[in-house]
Structure formats: C-alpha cells, structure tokens
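Heads up, the next two complexes both have chain A, just with different partners, chain B and then chain C.
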Partner chain A sequence: MPKITIDNKAYAFEGQPKLLQFCLDHGVELPHFCYHPALSVPANCRQCLVEVGMPVRDRETGEIARNDDGEPIIRWGPKMTTSCSVDMADGMAVRTHRSSELVEQAQKDNLEFLLINHPLDCPICDQAGHCPLQNQTYKYGPEGSRFEFRKVQKPKKVVLGPRVMLDGERCINCTRCTRFTDEVSKSHQLTIIERGVKNYPMTPPGEVFDDPYSMNVIDICPVGALTSIDFRFRARIWEMSSAPSITVTNARGANCSYWVRDNLVLRITPRANPHINDYWLPDEDRATYPRFNEQRPDGPRIRGDEGLQPADWETAYARASELLGAADGSNILFLGSPYATVEDNYLLCKLAAALGASPPAYIPHIEPGAGDGWLITDDKTPNAEGCRRLGVHPVDPALVRARLEAGEIAALYALEDDPVASGLFQREEIQDIPVVLHTYHTTNETLAAADVALPAAMVVETVGSYVSEDGHAQRVWPAKAIRGVNRTLRMEMGVSRLDSHGTPFDRWHNAANQVHCKPSWEMLPNIARGLGLEWADASPKEIMREIAQHIGAFEGATYENMGSSGVRLTEIGTLA
Partner chain B sequence: MSDFIKHPVVSLPDRAPEPVFSKKELVFTEAEKEQIETFRAQYPTPESAVMKTLWLAQEKFGFLPPEVIRLAADTLGIPFSLAYGVATFYTQYYKAQQGKYVLDVCTCFSCQLCGGYDMVRYLEEKLDIREGETTEDGLFTIQGVECLGACGTAPMLQVTNGPYVHNLSREKLDALIDALKAGKKPPFVSVTLPQDEDDLGGNRRSDAEATEVGQTPPAAETFE
Partner chain C sequence: MEMALFGDNGSGKTDAWRSYERVLLPPVRDLHRFDTYVGHGGYEALRAVLTREEWTPGKVIEATKASGLRGRGGAGFPTGLKWSFMPPVEPGKPRYIACNGDESEPGTFKDRQLMEYNPHLVFEGILIAAWAMQIDATYLYVRGEYADWIRHMESELAMLYDKGYAGKRILGTDFSSDIVIHKGAGAYICGEETSLLESVEGKRAYPRIKPPFPAQKGLWGCPTTVNNVETLACAPLIINRGAEWFAGVGAEKHPGPVLYGISGHVERPGVYEYPTGMLITDLIEKVAGGVRGGKKLKAIVPGGASVPVLRADMIEGVTMDAESLREAGSMMGTAGMLVMDEDTDMVKFLRRVTRFYHHESCGQCTPCREGTGWIENLVTRIDEGQGTLRDLDILLELCDQMEGRTVCALADAAAWPVRNTIQRFREEFEAKCRQSIYAVA
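And then the complex of A and B:
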C-alpha cells in the first residue's frame, strides 16, 4: 500500500485522496477556509499551505536515493503548496506547521492578509463562537495587525433573497457560496463581482437569491458574511444547545440539529449524513421551527359539561380507558399517524389488536408535485414508510364513511394527527362519538370534537424512530425538555455543557417554555393498563428492540444499529 | 491620494436597473450567432468562451448593461451570474456608456512610481472631469486601471481598449487629446527596450505602424 509521511509520521493510504482531506480524516488538523468536501477545490484562500516533497530517485535505476541512515532523501518543493489541491503520491513527504516554521509563518501571514479588510464585528456577529476565521485566527493567526489604513467599506445588510442576508465586509471571498449554487443546488444565483479589494458575492442584477436550498450557504460560509434573515441576532451560539435529530417536514429524513435555548427551538441546521442529505438541508425544513414553540397545548384536557377542561394525567388516562372500554372493540376506529414515531404507531397497533379492532390506518399528507427528487418529497410526513412497514396503511375515506353511516364507529382514537382538518370527518359527524386525540397543537381542528385531548411530544421532545421514504430507519434524540417526565427522558437526552453547569441557558432553569405534554409511548401503556391489559412501562429503546425482533420489515433496526446516521432497512417490496 | 484610498467605500450596484436597450434591439444577427458558435467550439466548455462573447457584445452594443450580458450568456448557454461576474471583473468591459475615447491610464505599481497618478491628475484638470467620469461632449472618459503589462514604458495609457500610448508626459497627453479631438486615433507603436536596441540593432518589429525608442521611465512627482 502506498505510504505518505506527514510530520515524520508514516500513513498508508488507498486510492488518490487529496492531501488536506486525508489529513483531516486522520486527525491532522490543517487550517482552511475555501475547501469543502462536497465542493470543487479552488485553492483560493491559501490557508492550507504545507511543504511537500518527493523522494529523490536515481535517474537510471529508478531506485530511491537514501542517506547514511537509510532514510529516503527528500527533494522539497521550491515553494509551499495548497494541501487541498495536492494529489497524494507514494513516498510523498509533508511538513505542516507542526514541523515547519515556514508553514507556521505562512499561516500567520496569510491570516494577516485575510484580516486586513475584515471588520472587527465579532462582538455583534452571529458567526462569533463558531466562526472558522475567528477560531483559526486564535489558533494560527498573528498577534495583531500592522495595517494602519482605513479598511474597505463594503455593502452591509444586503438582502440577497428572502432568507439570506449578506455582509460584504466580512466576506473573505472563499467562493464556497457561489460554488454551492453552481455545483450543488445548480441555481447559479450567486457570483463574485468586481475585483481586488472591491469584490464580494452578489446576485446578478434583476435576480433574487430564492433558491429552495439557499440557506445552506449560511452554514458553509466560513465567516459571518452570509447570515439568516430569520435567525439574525436572535441568540449567541454559546447560549444554545443542539441535539442530533432528523427533520420531519417531509419523508426524506434529512439529518439535522435542533438548536434550543430556554426550551425554545431557535433554528434548524443540517447534520452531515452521506446516505441521505450529505451536508445540506432545504430551506423549507428550516422554516418549520416555530411550530415546535407556538400554540402548544398545556396539559391534558377532558370534556365536561363546559367543554374541554384541564385535568391531571391520571384522570385523563382513566377517562380515555373508560371511553374505549365502553365501546365494542371492533367498532373503535384507530388512526395511526405518519407524523408519529414507529414506536408510537406500534403501541397503537398493539392496543387495537388487544381490543379486537381492525389495524390502525393513517391519514396520508401528500402534495403531488411538491417534491424535487432530492431532499424535498411529495409526502409531507416523516414516517409514512414506517407506518407501512408496521402494517398501518393509508386510510380509505370511502370505507370510513360507510362505517360511519352504518353506525359502526363507536369510538375514535386518533394518534398525533388532525382527522377533521384533513377532511376525513366533518366535526359534527364525530361530535357524538367518544374521541381520544393525541395532539401537538391547540390549533388542531379535531379538538372541538375531542373528549380526551392528550398533548403529545413532538420530534424535538421525544425519543423514537422514523423510516424515510427510501427505507432508512433513523432515531431521534430529545432537544428540549418537557414538563412532567423523567428529567432526561430515560437517559436519552444529551447533557450539554450548559446543562451540566446549571447555567441560565440550561433546559431546567426556567419551566415557562417547557411544554406540558408527554410522549405517546408513555401515554399509550397507561391507557392500556386502564383497560385491564398487562403492559409494562417500556422505554422506546426496548419497544424498538421488540419491533426489530418481531417484524421482518424492521430487521436490524435497533437503537444500537441505528446510531446517529441510521440504518438502511431491506426492501419489503410488495409485502404491503 | 486617490479617492478610493481616502474613502475606501464600495457601493452596492443597482440591483434592478432600468434596461438601456429595448427587447427589439437585443438580438444577435445570424452572423454574430455563428461567430459565437465558433468561439464555443474552441473550448472544452461553453463557459470558457465567455470573454470572447462578451467582447463581441461590447463591440456591437458599445457597452455592457446587464441585459446585454444576459443576452451574451443566454446565447452561449451559460449562467447569467457567471457572465456578470466576469464582466464586472475586467475594466476593459464597460458596464456603462463611456465616452468615444476611453483613456485607461495605468495606475498600478510600476506606472504609479513613474508618474501614473501625475498623468491622471493632469488629464482630470485638462478635461475638467474626475477619474471615472465622461466629458460633457461625450468624447473622453478617464479610467484609472490596473496593470496593462507595459511596465517598461511607464507611465502609459490605452485608448478605448486599443492602441497604447507609451512613455507619457504632459506634452504627449496634450498632443494625444488634440489628435483625438481631430478624430485621429494614435497608431500601434512598438517600443523596444534600450538594451535590446543595442543588441538587436534597432526595433525588431516590422509589422508595427510606428516604432519608438525606449527610454528610462521618469520618477513620479507625487506619490499617493
């Protein structure tokens, strides 16, 4: 296997990797700005300079010349070279700033150049705290600046498009954003205009940066030049904690991080997963964060003489059990949900089976033509495929209507969906039958007919798994705390630095924004027990293990296997 | 001191400018389209032919407002943003209507040291306009530009992306302006460096309209 020596340490490599990527993959940190693994290599920031040499070979024999110690003699390149663009070769020797003063000085000098016209905005800049320029200046930069002239003033607060704002002065012209629009999203809406000290990225005249993936340029911008219009000045990076999760806007299951401060989700950013979304996230996925914060219910409610009234959890469970127990099992309509996790739907299936009802069906939410064949799908729910694999199928409205008219629906149990808003029922039609509803929002139109309303935890508060359209099973971690549950949700909640130090920004300091709800996997067993069923209180991890063992379509989908990047399930074909 | 050093402010371009040319005017003739096809065939990707196509468009329309850049990009089948970025990079592409004669005075390092700015200021005074402006009669525009690759004959200028005028002096500028006013463009001049004259025994170019003897460039009177 070919070998390369980096800072006098030998590494074996395969194929023809670029030097910078190889170093980063092997824990040899090299500063860089313009290089991004998913984009082409322009080598224009000049920050990743290293010294590169090749062994001297005898011209006739091709033998590697060696010194007295038997070490190959290296002929070093006349100048430093950008490691991002170097193709590795057998015998190559590399000196980084760890073993070369020349490289160390070059990094310092280069940063001094980059910072000449960079404004000292850091205290008010959104990027501060997770800014590659800031971090690398601390690590590799010069002590101060020798530039004593006026810095170039470029346009600030330029609205490039509906979601992205440009600060021209902060830009270091790495061209990551223009390469993203040219190579990844292919909208070609950005370009670098002008030249020299006057240049910065811009839309051409008459065009608006409204690419459906436009906000990715904010994530890849190595400085604070491109910021989110929506998130600008809302929070400092160190005030938030983030949890790895997936987006639930559509059936693609793109990986993301939910950023939370004081139990409010403030933004959603992509999390790299080469199997699904690479480094990217569509704008529509990010725009959904307010629905995790707004119009959330406050505790369970049951219908009394004066409409829905607050109740405690035990009373609500008991009332739900009572209503279900009073109906003939086969006449209870169970509605699963493509918004709910596999675990929640599975428990609902079990409950339906135990009561002798037909298996749950789900209400599909499909917008034909909305998808783009990449990260946006027609299906606007995250778990339709998971439902299908559990044997929960799209509801047949004609059949439901026939049953309703024949008086064969004596009770309705709706999991995390809105049967009235989706048009399955008119509100008046179900006014007279007992309705148990798991709901996310107070705007749920079925609430008006509900007899027991159980506020359910959303993806940012629960533990569970989802199956994407193409059969990728992934689990999520809770990003924010909810009221009335075990503090870390059965040890599944990551404890951030903020949490472990008990800062004002942790999840338990202030209960005002903790939604009073519970995960469905905690509510369903309580209702089942009220019906006389012997259900143990199982954690989602145990439920998923049970599913993986008993249902062929979920073979191997345990939490251990899913990890943070999910597991591809075998195709079930026409099993459905 | 130049204005930019004193006030280094880059302004935002007009993001939705009124078009200068009407839809009817914005067409390439068949012959021009054929020419663009030839340019495209010269390179592995159509993007590479952007400069020649923009040049052709500039020769046709006189300058490159956004709608002309878009026409060039569309004809070539490349993104508008790319063509726009290229057009704004080069001072040789005129983004706005210019005077009949554009005097591109080099103010890059070598010329600056040899009096490039002296020449710009003299022109400004003489024509009563500022750098980047056009005279009222629409005859002259002064532009300070970066290196034009003739450091050996600094200071120098270029007339409307055409002939160079070497070894500038105030007298030479007076003569140039008079000639241009009379409608006489300067000839293409070949200059040989002094040391080469000795070695080669005179100016070696035979295809030049005029030759000039090289001289030691002067030192600038004022530095900015």
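And then the complex of A and C:
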C-alpha cells in the first residue's frame, strides 16, 4: 500500500485522496477556509499551505536514494503548496506547521491578510462562536496586525433573497457560496462581482436569490458574511444547545440539528449524512421550526359539561380507558399517523389488535409535484414508509364514510394528526362519532370534537425512529425538555441528576417554555393498563428492538445499528 | 544576406543591428490588407506546411524547437517545447489554441503594433501552429480597448474565410481550422493564460490551479496551447526562412526578431523591431534617440512594469535577452522598456505601479487580494511624506508574504517591483520617510 509521511509520521493510504482531506480524516488538523469536501477545489484562500517533497530517485536504477541512516532523501518543492489541491503520491513527504516554521509563518501571514479588511465586528456578528475565521485566528493567527489604514468598504445588509442577507465586508472571498449554487443546487444565482479587494458575492442583475436550497450558503460561509434573515440577531450560539435529529417536513429524512435556547427551537441546520443529504438541507425544512414552539398544548383535557377541561394525566388516562373499554372493539377506528414515530404507531397497532379492532390506517399527506427528486419529496410527512412497514396503510375515505354512515364507528382514536383539517371527516361528521380520543401536537380542528385530548411530544422532544421514503430508518434524540420527569428522555438528553444544577442557559434547567405533553409511547401503555392489559412501560429503544425482532420489514433496525446516521432497511418486495 | 550578420557572434553588441531588415513589421504600405500581404509573399509559409509533404506537423514542431523561439508574452518559455506538450490527437476531442493578445501591462504595447500593421502575419502564424498541433479552433483573445483593430481584424478574418485561407478545407487541403476573435473586457488578469481560458469559456477570469496544465486540460477541458500574438507571428518566419536563420538572429539562447516597446523619457518612444540581444544602451541612445532633453538616465524597467527595475549603473554591457538580463538582476519580460531620467521620483514610480496591481488583482487568492492594496497604501503614505522606515520593512515583508503563495504569478509580479525598487533606490525611499519612532535594526 502506498505511504505518505506527514510530519515524520508514516501513513498508508488508498486511491488518490487530496492531501488536506486525508489530513483532516486522520486527525492532522490544517487551517482552511475555501475547501469544502462536497465542492470543487479552488485553492483560493491559501490558508492550508504545506511543504511537500518527493523522494529523490536514482536516475538509472529508479531506486529511492537514501542517506546514511537509511532514510529516503527528500527533494522539497521550491514553493509551499495548498494541501487541498495536492494529489497524494507514494513516498510523498509533507511538513505542516507542526514541523515547519515556514508553514507556521505562512499561516500567520495569511491570516493577517485575511483580517486586514475584515471588519472584526465579532461582538455583533452572528457567526461569532462558531466562526472558522475566528477559531483559526485564535489558533494559527498572528498576535496582532500591522495594518494601519482604512479598511475597504463594501455593501452591508444586502438582501440577496427572501432568506439570506449579505454583509460584503465580512466576506473573505472563499467562493464556497457561488460554488454551491453552481455545483450543488445548480441555480447559478450567485457570482462574485467587482475585482480584487472589492470582491463580494452577489446575484446577477434582476435575479433574486430564491434558490430552494439558498440557506445552505449560510452554513458553509466560513465567516458571518451570509446570515439568515430569520435567525440573525436572535441568539448567540453559545447560549444554545443542539441535538442530532432529522427533519419532519417531508419523507426524505434529511439529517439536521435542532438548535434550542430556553426550550424554544430557534433554528434548524443540516447535519452531514452521506447516505441521505450530504451536508445540505432545503430551506423549507428549516422554515418550519415555529411549529415546535407555537400553539403547543398545555396538559391533557377531558370533555365535561363546559367543554374541554384541564385534567391531570392519571384522570385523562383513566377516562380514555373507560371510553375505549365501553365501545365494541370492532367498532373502534384507530388512525395511526405518518407524523408519529414507528414506536408510537406500533404500540397503537398492538392496542388495536388487543381490542379486536381492525389495524390502524393513516391519513396520507401527499402534494403531487412538490418534490424535486432530491431532498424535497411529494410526501409531506416523515414516516409514511414506517407506517406501511408496520402494516398501517393509507386510509380508504370511502370505507370510513360507509362505516360512519352505517353507525359502525363507535369510537375514534386519532394519533398525532388532524383528521378534520385533512378532510377525512367534516366538522359536523366527527361530532356524530360518540367517542373521540385524540393525541395531538398543536392546536387543531379535531380538538373541537375530542372527548379526551392528550398532548403528544413532537420530534424535538421525544425519542423514536422514522423511516424515510427510500427505506432509511433513523432515530432522533430529544432537543428540548418537556414538563414532568421522564427518565428515558433525560438519559437520551445526557442529563444526569447533577445537571439539575446547571447554568441558566442549559435547556433542562430552564422551566420556561417546557411544553406540558408526553410522548405517545408513554401514554399508550397507561391507557392499555386501564383497559386491563398487562403492558409494561418500555423505552423506545426496547420497543424498537421488539419491532426489529418480530417484523421482517424492520430487520436490523435496532438503535444500536441505527447509530446517528441510520440504517438502510431491506426493500419490502424482496422480503421472504 | 544581411541576416547572417547576426549569426556570427549571437549578440547585438556590434553595430550590425543598423542593417537589420524588419520582418515582423516590414516597411510595406497597407500591409494590414489581405491583398497587400499576399502580394508580398504572405501565406506562402502556410501553403508550404499544408501542401508540401516534408512539413508534417511533427516537422513544424521540430523546426520551431530548432529555431530557439521563446515566448514573447513575458515568461520566455521555449515555444517548440510547449507545442510538443500537446497530447496525441484523440478522435472526438477538440484541440485549441488560445492566442494571447490581451497585453495590458504598463509599458507593453507591441502586440498592438502587430495587430494594427501586420495582422495577417498573426493569422498565418496561428494557422501554422494550428497545423503543427492539429488544432480545431483558435481563440484570438484581444484586449477590448483595441476596438478599432479588432474591427479591422474581424473584417480581414472574414476575407480569409471567403478566400479559403481559414475554416473548412484550408487552401483546398484536408486540413480545417477555425479562428475566432474574442474581445476582452479590460482586465489585466485575463492575460494570465488560464484565466484567459476561463474568460473565453464565458466565466469570471480567475486563474486556474496548475496542474493540470492547459495542454492537458485547457478550454472546456480539452488540450489547449496558449501563445502570445508575437510568438505566433514568428512561425511564418521560421517556415519561410528556416529555423537556422531564426536561430542565428540575435542572442544565442534567446534568438529571433523582437518588438521593443520603448516608452518613458526618451526622445523617440515607440515600437522598434530589432534582433534580441541588443545592448540596452544602444536601444536608448541610438534607437530611441537618447534620454529626453539630454538628461541623464536614472533607471530602466526592461520588460513591462512587473520586471525588476535596473539602475543606470547596472545596465552597462547588458543586452536584451533572458540570460544577460538575469545576470543583471532583471528579466526580459515583454521587452517593453520603461526609461526614466534623472528627475524621476522612484517613490512616485512605485506608487503608480503598485496602484496598477492593486487595481488589477483579480481577488481570488488572499495574499494578492489583500497584499496589493496594503502595499499601495504603504507606498502612498511614504510618497506623501507620512511613512516611516518601519513601513519600508513591512513592504519588504509583505513581498515575502505574497511571493509564490498564490495560484498565478500576479502576486509575484506585484511584489518584484516593490522589492527591487526599494532595494535599488532605498535612499530615495528613506529620504521621504518621517523620522522613525521605531528602532531600526
């Protein structure tokens, strides 16, 4: 296997990787700005310079010449080279700043250059705290600057499009954004204009940067030049915490991080997953974060003489069990949900089976033509595929209507969806159903008919798994705390009892904005026990292990296997 | 034959240059017209390479190598060798020449003369090179400011197509090759060979990283050779008069006729065609009529603003060819010579040069984008009497920080004049500085 020596340490490599990527993959950190693994290599920031040399070979024999110690004699290149653009070769020797003063000085020199026209307005810049320029300046930069002149002035607060704002002065011209629109989203909506030190990215005349993936340029911008119009000045990065998760706006299952402060989700950023979304996230996935904060319920409610009244959880469970138990099992309609996790739908299936009802069905939410063949799908729910694999199929509205008219629906259990708003029932029709039990995320139209309303935890508050349109099963972690104690959720958040004495910015410490709800996998066993069934409380991890063991379509889909990037399930058609 | 005069000692140190007969810009009236050009033996070299069996493409390249022709665009790379870098012809993969007529360095204005007075020599050279490398199309990239000559060349080119000298089946042979005149939009960086390619492709003219070199991946990823206008104009001469003749003109290692663009404080500035290897003193005193107003010479820049400046006491016996100029501490560049008399303020000179590079840096690479502006700031401050000695040290350090650390050579071109002007005229700079508040080591 070919070998390369970096700072006198030998590494074996395969193929022909670029030197910078190889270094980053092997724990040899090198400062860089313009290089991004998913984009072409322009080598324009000149920050990743290293010394590169090749062994001297004997002209006649082709043998590598060696010194008295048997070490190969290296002929070093006349100039430093950008490691991002170097193709590795057998025998190559590299000196980084760890073993070369020249490289160390070059890094300092380059950062000094980068900063002379950079406004250094970190205290008011959204990028501060997670800024590659800031971080690498602290680590590799010079002590100060010798620049004593007026900085170049460029346009600031430029609205490039509906979601992205430009501060031209902060830009260091790495061209990541223009390369993204040229090479990844292919909208070609950004280009560099002006020349030399006046350069900055801009849309062509008359063009609006409304690329459906426009906000990715904010993530890859190594400085605060491109900021989110929605998020700018909303929160400091060090006051927030983030949790790995997936987006629930569509069925692609794109990996993301939910950023939370004071138990409010403030933004959604992509999380790299080569199997699904690489480094990217569509704008529509990011725009929906207010749904986790607004119109959230405040505890369970039971219908009394004066409408829905607040109740405690035990009372609500008991009432739900009582109403379900009173109905004939075959006349109960269970509606699963493609918004709910695999675990929640699975427990609902179990409950339906135990009561002798037909298996749950789900209400599909498809917008034909909305998909783009990449990260946006026609299906606007995250888990329709997971439902199908559980045997929960799209509901047949005609059949439901026929049963309703025949008076065969004595009770409805609607899980985490809105049957009225989605048109399965008219507002008046649902009033005819004697018993309506509803677990829900946000205030909705079905609530008006509910007899027991149980607020359910959303993707940002629960643990569970979802299956993407193409069969990729992934689990999520809770990003923010809900009211009340759930040991499983706490463990998944990495919160111990000691953490209760955290700082005011820790999400678990702050009781503000904690939604009064529970995950469905906690509610359903309680209702089942009320019906006399012997159900133990089980964590989603245990439930999923059970599913993976018993349902062929989920073979191998344990939390251990899913890890943080998910597991590809077998095609249903190919199952024995 | 008079030309033999130059073959003997390979240098222009004698007075033999006085009997030199111009070949790039012969004194023929209306030579820029197709009929006149053909009437004076034009396109015979093209006809020869296309119709005579001995002129296989390989033989043309051999002849170019043997002639010793070196690129006239500034770097002085051997042209025949460059042509031989083109990979073998691959069916379905077009091959290109990009002919560089984007001259825009201060002090350089010789391609313009060719395009104005002898454009057909350029076309003929292009077509001979096209035959040598089996080229499908040539993009003649001309600086946009040369609008009049672009118009003229376009109409002459149309005539070439009409008469069958370009395009399909040239001169009735099986060889086809197109020429396209591409107008630049006025950026110095477009003269850098790879950013010229980007510009032809319709992109922003950012230089490309090398490797891959244009011969491997040039225009639209296809094999491409980039040559200067004057370089290609030499090709018909080599075919017509032979490689030996060419190699015998002027300096031994840097032979051939060359266009000297002499500007600045001389009596008769202009473009002069003479062999390489002329004594700089001859060029100033005898060709350009001496320093203006009988003043004393102070400094010259031999080949365009980017090459190091030479003090008057450094040019004794120095000839205009790569070897002699390297020994003297400068470079041949484009042979666009800037002459400065004793009254010249070298700080002002440097201020103007640094302003040019600040204005023309494309802004792709950090050191050049930021460094050129900083340097101009510092030199301006010194020129205005506000600088300190420390500023001079910073200037030299900035040169270190820029040189060899960028994609293309513009940063080097911007740093060399700074380094050399300060080193060679340090007293003038120090005299303009304020008393330093810093200790000077």
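In the analysis below, the second predicted complex is superposed on the first by the 550 of 576 C-alpha atoms of A that agree within 3 Å, B and C clash if a C-alpha of one lies under 4 Å from a C-alpha of the other, contacts with A are read in each partner's own complex, and residues count from 1 in each chain.
To be clear about the criterion, contacts are C-beta pairs under 8 Å (C-beta built on N, C-alpha and C of every residue); 3 or more make two chains touch, one makes a residue touch a chain.
Since we're looking at a predicted model, the values are computed, not measured.
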> Would chain B and chain C fit next to each other on chain A once aligned, or clash?
Replying inline: clash
> Is A:Gly77 in contact with chain B, with chain C, with both, or with neither (first, second, both, neither)?
Replying inline: neither
>> After the superposition on A, what does A:Pro290 contact: first (chain B), second (chain C), both or neither?
In response: neither
> Which of the two partners, first being chain B and second being chain C, lies in contact with A:Asn44: first, second, both, or neither?
Replying inline: second
> What is the contact status of A:Gly552 with respect to chain B (first) and chain C (second): first, second, both, or neither?
Replying inline: neither
>> For A:Val152, using the defined touch cut-off, is the partner it touches chain B, chain C, both, or neither? Pick first, second, both or neither.
In response: both
> Just chain B (first), just chain C (second), both, or neither: which does A:Gly356 touch?
Replying inline: neither
> Regarding the shared-chain residue A:Asn110, is it in contact with chain B (first), chain C (second), both, or neither?
Replying inline: second
>> Tell me the contact category for A:Val197 with respect to chain B and chain C: first, second, both or neither.
In response: both
>> Contacts for A:Ile172 in the overlay, against chain B (first) and chain C (second): which applies, first, second, both or neither?
In response: second
>> In the overlay, one of 167-175, 275-283 or 419-427 from chain C clashes with chain B and the rest don't. Which one?
In response: 275-283
> Once the complexes are superposed, what residues of chain A are shared between the chain B interface and the chain C interface?
Replying inline: 149, 152, 191-192, 194-199
> Taking the complex as given, what residues does chain C use to touch chain A?
Replying inline: 187, 189, 204, 206, 209, 358-367, 369-374, 377, 381, 394, 400-401, 404-407
>> List the residues on chain A that touch chain B in their complex, please.
In response: 149-155, 158, 168, 178, 181-182, 188-200, 202-207
>> Under the definition above, what is the set of chain B residues touching chain A in their complex?
In response: 5-17, 66, 69-70, 79-82, 84-85, 88-90, 146
> Can you list the chain A residues touching chain C in their complex?
Replying inline: 41-47, 49, 78-80, 82, 85, 106, 109-110, 112-114, 116-117, 146-147, 149, 152, 172-173, 175, 191-192, 194-199
